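Have a look at this one before I ask anything.
The letters A, B, C, D, E and F name the chains in turn, as written, and every chain counts its residues from 1.
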Amino acid sequence: MTDLDPQIRACLLKTSTATLSTQLYRRGFRNVFLQGIRPLGRYGANMVGPAFTLRYIPAREDLDSHDAKLDPNALQREAIETVPPAHVLVMDCRGNTRAASAGDIYMTRLKARGVAGLVSDGGVRDSATISQMEFPVFCGGPSAPTNRIVHHAVDYDLPIACGDVAVYPGDIMVGDADGVVAIPRAIVAEVARDAAQQEELEAFILRRVADGEKLPGLYPVNERTRAEYAAWAARNGR
Amino acid sequence: MTDLDPQIRACLLKTSTATLSTQLYRRGFRNVFLQGIRPLGRYGANMVGPAFTLRYIPAREDLDSHDAKLDPNALQREAIETVPPAHVLVMDCRGNTRAASAGDIYMTRLKARGVAGLVSDGGVRDSATISQMEFPVFCGGPSAPTNRIVHHAVDYDLPIACGDVAVYPGDIMVGDADGVVAIPRAIVAEVARDAAQQEELEAFILRRVADGEKLPGLYPVNERTRAEYAAWAARNGR
Amino acid sequence: MTDLDPQIRACLLKTSTATLSTQLYRRGFRNVFLQGIRPLGRYGANMVGPAFTLRYIPAREDLDSHDAKLDPNALQREAIETVPPAHVLVMDCRGNTRAASAGDIYMTRLKARGVAGLVSDGGVRDSATISQMEFPVFCGGPSAPTNRIVHHAVDYDLPIACGDVAVYPGDIMVGDADGVVAIPRAIVAEVARDAAQQEELEAFILRRVADGEKLPGLYPVNERTRAEYAAWAARNGR
Amino acid sequence: MTDLDPQIRACLLKTSTATLSTQLYRRGFRNVFLQGIRPLGRYGANMVGPAFTLRYIPAREDLDSHDAKLDPNALQREAIETVPPAHVLVMDCRGNTRAASAGDIYMTRLKARGVAGLVSDGGVRDSATISQMEFPVFCGGPSAPTNRIVHHAVDYDLPIACGDVAVYPGDIMVGDADGVVAIPRAIVAEVARDAAQQEELEAFILRRVADGEKLPGLYPVNERTRAEYAAWAARNGR
Amino acid sequence: MTDLDPQIRACLLKTSTATLSTQLYRRGFRNVFLQGIRPLGRYGANMVGPAFTLRYIPAREDLDSHDAKLDPNALQREAIETVPPAHVLVMDCRGNTRAASAGDIYMTRLKARGVAGLVSDGGVRDSATISQMEFPVFCGGPSAPTNRIVHHAVDYDLPIACGDVAVYPGDIMVGDADGVVAIPRAIVAEVARDAAQQEELEAFILRRVADGEKLPGLYPVNERTRAEYAAWAARNGR
Amino acid sequence: MTDLDPQIRACLLKTSTATLSTQLYRRGFRNVFLQGIRPLGRYGANMVGPAFTLRYIPAREDLDSHDAKLDPNALQREAIETVPPAHVLVMDCRGNTRAASAGDIYMTRLKARGVAGLVSDGGVRDSATISQMEFPVFCGGPSAPTNRIVHHAVDYDLPIACGDVAVYPGDIMVGDADGVVAIPRAIVAEVARDAAQQEELEAFILRRVADGEKLPGLYPVNERTRAEYAAWAARNGR
């Protein structure tokens, strides 16, 4: 699994999921924003990193009881020890939040290993503790029950569904206060570059709108807006 | 579209949606509180203003693609430039939060135009930025994707559904931390007046309850309570 | 209705619902965490107390109109005056949040009576005020409409459903930032004791994980971990 | 529990739930049609009878396991042996269809006892067999698992919720192909009488519409329509 | 509003919504099949016709009570008398099936007027009667309550949402046992033509598959399959 | 993948999913009945066979467009040609019925290959045709759109979720009018044997109940009932 280019990462750390979604939409992608998934606690800087996937299926009593012969969480822990640093662990919990997909011990280990964050469409327990950790967690909501009640880990590093979106291993996950977007690996460079440019241009527009300018003729972006922005950027050394 | 009487507005700015819902219930209205709609960020003062409506239907690929011949957002922007100052822009997104119904540029323009707030049963993008603006936004939640993925603006200033409630142009929208209530225009004066009186009376009751008084005989309001309140109000120059 | 043993209460005040859910799972309980119920406002110390139940059925216009002959809220107020101090009032609203199950006057009265908290799978109105009171409220979310629009109180002190979980009068309710768990009364002593031990052991593990130790061999808990913890606890006077 | 007057029963056996809903709406009742409940198999004659209620709460493993000390279904069977002949057994399963609320043995017993039918907002097992029995069953759908997996019977003959509607013991339940309506006991005589008259009048209108007559002036019913119907009824000895 | 070309209608009468959906998908349309809408009763021949739209918003008690001053159904009846023969009446009920959007009298009138069918994402009452009429009805399911309980007609002949799909007046609606598809008017000729060709080719393939041929090399359609079909068609005078 | 023992198959062909669910519940399995999945058309004999699994994730526009470079359905067809005769193809569509998971050509091929049936928690197109084929299909409902709109096949023969239940390759799937149950492979022999005995005993009880006998003392089964059944069975040569 290849690491993410540092320049692209730097760019994505300050680009909003809204802008990234727009860039992906312009390339024909309509279903890349994970549904029903929110940051745990108030959110600061972006989470950025390639996806390392973990898949759960529904628990079954003979395999997932407290006294089951085989350790039902063995594969989950293996994934936690395997996800490469600077990657994001993405869990397919089939959108079921009736139980947790992880808690504070697993989060602490992930953070200690240098993992970039966790995304799950299941629940997360110990939410008060975790929201104080400096470790980005995006999930379907707080949920106290242990994962074995409804979730059984079956494999990792395979394509999964998360929040009703396809996530392939290596796709670049970016999360902010709005939620999480999955950028197909092959196009992340161009998406990051164009998103950064879009944000600079929109910041220019936003200032003018804040100053009272009307939208027509200014936004959506047209040739005149681009020219004025270029002139302004040249004057201001951007 | 008539503006809202300043005295009524002043009254509604400090009256809770809970009290307004009760006054509407007493007049036979059981479905005036918008369902599934919450303030974006923590909420301070009330949002108050007459409704200016905007209706979306599902997007269709030939009309709402990035390279569509016609600008699919033209009507949305027209609405944003048309909603009168001190009014509330209310959007019918059919409760679909898979995409945004607006973002920071549109919000900034609405604020610059003196619009009183925005209500949408769809999503809103750039939620971190918007929750820091002093502009009241109530929606179905943060959602990064551009609106064209699922929403197509078709008309404005017509009766709509929002949050499973009928909203007619000119209905008075009031929003607080609990959410948003739509007051039929024709009865807003009496509802505002009676709600203010109810709140004064309930504040009187609340103090007595906080002091340890039992509910029976005190609340719900009866003749004795009213008399005691009247006496207290007289003594205290209310 | 027996009060909760003070030592057990003290123990539960600092034990997370996550740990309690695990202890209950180990005893075969898979459905004791209330679904869809969250604390109102940010949450501090745990809510702890035996359940006193109140059951609602759907409202009917002849019984629950504003001008109904019988006071439709009489039984609700009776429950509020009857719930014993240090108990938790638990409301079965069938998960319907279209209206409030209580507001600030009832909450103030409950607090004045020394009640330990309120749990409802319906809505709660006056949410801004209540989230500032030092009174723990867990519910399906803010909702302004008066309860009579959808809820009619029929009886109290009977077994109910709340958040899709069975709650029997006297079950011990514990709430924290993750939500609320219902502990069957008969086993609360052993659950509280074992949960406290689990938390001490996990705090020991958490420190080691934070210091960079791998999970394998350390967690989940095994004989070696227990021995090391015992040694550490002995050294540190635990 | 009083039986239903035979004339009223005879009238209701041939009156549609659509017409009954309209009569109830005219009296201010907006929530008397059970939501999400359908006849099992194709439906012939109406089911009619007073409600005998049975309430379930969620199952709990210590009380509802296969090897539970107490028979968890004892109260359910007691209800089945207690519901008076010609009554309808109405079950509150909280709309949860993940398990059955009854199967062929219980249905056969109810039929043998002369019970008028069964209504449940849970599931029903053995649906193929039951849909061949001449015993009216209305439910949330087929569902094979035994009830103890999610349902625990707690009491009977109390007011309940079923299909999101209040059902009081003795309310008259009427079911046809559209579903089930609950008529408050106190007004069943007038509702049945007026519904029968409405149906006769609408049959007269339906024939004229089928013959090509326009709706305006004919329907909704007005004075002219009533006069023409009266004349026609007189001519035809109705 | 232009009628549908008779040849295209003849073609669509025997083409499945599955094939039409595929043809639309090939042209980039991913959301043209109405969700949650099924034929009432068992279905025979296709329903085909241009859409005539009717929009409802939520009812409000002052406008939609039994004793409301204005007839709340006037606009609904006007639409029923206005929809052109051979067109399909398509109702936007916001997917709410808690009440009926029409019953047997309105259906009989529509049939008498030569209307091609009715599509609603709300409920339909008198379902037993209607399923016996030779008039195609597609809806969200049977529902007895009168429409005024939740639906208020506001306008017709405007673009609407139905079953989560955009329906523009004049779009061609086709319904069969699978449900209903909305074909954009501008492309109906080519879609109908290509769908008919696809169905002939697939019938040829289906016979070979039924005779035991493997899918690889045969299906999905490739050059060899097309050539073999062309030869077969030539031999058989197709 | 081992075939199912012919005697067990013969037994399961005539045993209801209700009885099988009860036997599984007695062994501690509470989540083995697939939720939201029904037979397509009216159902006759049971579907029985070991599971062969196929997993879909959400479609993505670059991989699943009509003009995608790689054939997005290649893996689906490979699965259809690979599922062993007498096995059941079980599809994990994440419960999404917005598109079909298969249509008449695939069903015809599966039938021609001697496959025992198909189970999908997605939709199925060409439902009218398929419900006439003598091939058992259980799904989330009819749905016309081509699968590529929402489904992308990623792998087969791995454990999956279907209808919110864990399905492992080789688990024995049994379907009847109530729906589908997944029996863990390791215990199918004992479950089938005990279920057959339970059904014989319950048939004996059902006859007595139909003859008017009370439930108490007869059912649930006790020692006396077993003795009487044994005597009856001996007399009747069972």
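Criterion: contacts are C-beta pairs under 8 Å (C-beta built on N, C-alpha and C of every residue); 3 or more make two chains touch, one makes a residue touch a chain.
On a predicted model such as this, the values are computed, not experimentally measured, just so you know.
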Path length in steps (a step moves to a chain that is touched) from chain C to chain F: 2
If a chain touches chain D and chain E alike, it appears here: F
Relative to chain E, chain with the most remote C-alpha centre: C
Interface sides of chain B and chain C: same vs different residues, half threshold: different
Chain centre separation (chain B, chain D; CA means) in Å: 39
Between chain E and chain B, distance of the C-alpha-averaged centres to the nearest whole Å: 36
Centre-of-Cα separation between chain B and chain A, whole angstrom: 31
Geometric centre distance via CA averages, chain E-chain C, whole Å: 49
Residues of chain E touching at least two other chains: 28, 30, 32
Overall pattern in which the protein chains touch one another (line/ring/star/complete/other): other
All pairs of touching chains, each written as two labels joined by a dash: A-B, A-C, A-F, B-C, B-E, C-D, D-E, D-F, E-F
Chain E to chain B touching residues, read off their complex: 28-32, 57-62, 65, 94, 96, 152, 154-155, 158-161, 164-166, 184
Residue ranges of chain B in contact with chain C within the complex: 16-18, 20-22, 25-26, 28, 30, 32-33, 35, 38, 43, 176-179, 181, 202, 205-206, 209-212, 214-216, 219-220
Sites on chain B touched by chain A in the complex: 66, 71, 73, 77, 80-81, 98-100, 103-106, 108-109, 112, 125-128, 141-146, 148-149
